[in-house]
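Next come two complexes built around chain A: one with chain B, the other with chain C.
Presenting the complex of A and B:
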């Protein structure tokens, strides 16, 4: 028999990572938002969050945030055990209020960005990133 | 005849649009019982620009049979919308008569008997004749290849795509985009792309390390045709490293990259493009969604999901055109571009009836030259189908080809359960037809065809079915990968396509005992086309060949193991 130990291990790891789908929102994420906004209402618009719809590799997912005029942008992976990804602060001399990074996602979940604007208001953008086994493209 | 309702839909959207297509002719031809090459090609040249679209050839250089799907479910907003309409409903929508050539070409009913009446379809030498005829009308027509070209046959596998490249180059395409080509691996795909005498496009093909546009593939190319400045933007298959083995081309990253598509459209418009064409391998529903969100695209030539539609679908200001697969169709799209904008469109989906369209002798000779070194292997007869057994693949759930492949895996690999990928390529075999080695490779050939044998828990099997189910039935097209449901043998299940991921699949049953699948228990599973690196096992085409050789005559029994609800 051509039983492959390596395959089985690979599949088993995949199983461990994918049994709960999608990942639930971690309560710590809500706490972190409340801390950042002080409980203020969040509007929409003026903040662009660019993330893939389906992650090519959940261990390194490229994302980009951009909010002209923002003083800070908070990025959260809502379903990760540790939801905080990054907080980008922009000083008055910053040429552009945008940043890109790569994040690790434990499973399918929403990635949320919240920007604090110069007038103290907040805007929010959200994007669902799917983490999948894949393998059946037509 | 073209239905009045459709004509109104199309004409209201763009008042300058003239005569939606030559499609109505087919029904008339059926009544006349006469089908000629001239009639198939009949087209009153329109406007000042012609596009010729062919896509998803899957290396089918020779004429084949190809049965369209019986089950092609649309989810959410796509429910009941084209292309998620099949059979009699499809014929009614387009006013196609039962038993007509168009019924044979576009729907599944009575396939075996209609196939005997109308013969094989496709063949790149016939396609060459059609392309040449269109170029005789409009010498500077653009020929655009939507990809999935260098994959899917014995000769393509053994020449690593060179046979198809040689034949396609003879047709002189102007641009191409990509999907399965990448499964040749980075080195080979790079070598072939660098050899091409035409543009290789993909605005969404990025360098994985730097997340910047790939240097090998350009986002778009300008053409000056008919006095018009045309921009063709490429859109490769977005989910290559997910649906196919990413380890074979780790240097590349894809994705839909809608924001970059908008940026490219804006860029080409700013540079003076009078018409913007997207050559896409997104899949039809993804293209529809993109057409509604990205502004400034005139025409999307859509590939990947293998849909063949006799009319364009209009989304906002964008026409989406689906041109089938396996060399079965060519779309001709004539555009009237004036004052820097599209004023009208005329379209015809031309079916390549192999017995009606004369082969181009030069391309026939070229195809024969590619096949010559392999011809003994190709033609060896392995078995035959029973007099009532049709082998086909297309459909959201099991096709009879897949049932046969799953049977081969269970029997040859001594497994409880078999899994076979839900791909949409692979020609059909008629009842009472010989099955050659070439036929088996046409439905199995790939660069990662090892047939693994492993153990999976019942829980993991459920996760796999849920995961693939969501790739197909997620209501948001941007989360769909465009294949069909993974095919299973030895396992029954119930699927509610309206439910969210994790809740669609229930009642999983081990068919050989009738017992419910136990989440905690291990089952021996045989499958193929794993995207994992290092997968071991015999090649799937050898497994299937051994099985068919033992059977001699292949019988087909109705597959009732998947219960679909919510459709």
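Presenting the complex of A and C:
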């Protein structure tokens, strides 16, 4: 089988697109973080992300976020097809800036939480969860 | 999925003024992520609840933006301060425009 000039160019483009794709997924997460923080630096501490070390079923992974003094907490699953999970905005009547819920994880990955503190600073916490059965169908 | 959606909320019947109480909410919803495919290989369109809010006497307690990574039958647990007797209003917003509501009254003991 002979490759024409057109075929060769097409192949090269396809290969280039394939190598770029994994970065695109990460880029989506980076964009989401930049949108939330406005590009500000993130510190450590003051934010607790509780997630299991091993989740048997990726369809329901219980997580808890807690950050005393935070106004909002963003949760991201870095390895999901869409990295966004949820954003918690705490009102004046929230007794504690904490919440728990159940999330879907496509596979073993890092779960990242970023809290926006009342003084406008940001803190980050992450936790690796091993997933035995992925939770995104397909 | 607008049919068969049933919100369930657990709030204590009474509390001391200024006390922090724990609220648990659960709503039955498929939370179709938009990633799954049916038998013919067609993508099942996304259909999720994208926002949940809890208010007490008009003041916000929590406002959660949800994305497809929230599990089927979204569950939330959080803490609220009860400054006076009144009513908690829980609202869920569906992708299809439906809005689901639940109210719980609380008295000061």
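Here, the second predicted complex is superposed on the first by the 107 of 138 C-alpha atoms of A that agree within 3 Å, B and C clash if a C-alpha of one lies under 4 Å from a C-alpha of the other, contacts with A are read in each partner's own complex, and residues count from 1 in each chain.
Keep in mind that, in the parts below, a contact is a pair of C-beta atoms (placed from the backbone, for glycine too) under 8 Å apart; a residue touches a chain by one contact, two chains touch by 3 or more.
Keep in mind it's a predicted model, so treat the numbers as computed, not measured.
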| item | value |
| --- | --- |
| Touching partner for A:119 - first (chain B), second (chain C), both, neither | neither |
| Partner chain in contact with A:44 - chain B first, chain C second, else both or neither | neither |
| Touched partner set for A:101, first chain B, second chain C, both or neither | second |
| First (chain B), second (chain C), both or neither touched by A:84 | second |
| Which superposed partner A:132 touches (first chain B, second chain C, both, neither) | first |
| Which superposed partner A:56 touches (first chain B, second chain C, both, neither) | first |
| Chain B versus chain C as contact partner of A:93, first or second or both or neither | second |
| Chain C-contacting residues of chain A that also contact chain B | 100, 135-138 |
| Residues on chain A engaged by chain B in the complex (per definition of touch) | 1-4, 6-8, 10-12, 15, 18-19, 21-22, 48, 50, 52-54, 56-57, 62, 100, 108, 128, 130, 132-138 |
| Complex interface listing, chain A residues touching chain C | 59-61, 77, 80-82, 84-96, 98-105, 135-138 |
| In the complex, chain C residues that touch chain A | 20-21, 33, 35-37, 55-56, 59-72, 74-81, 83 |
| Complex interface listing, chain B residues touching chain A | 179, 208, 211, 237-244, 246, 253-256, 259, 283, 304-306, 414, 421-425, 452-457, 459-460, 463-464, 466-468, 470-471, 476, 478-479, 481-486, 501-502, 529-532, 534-538 |
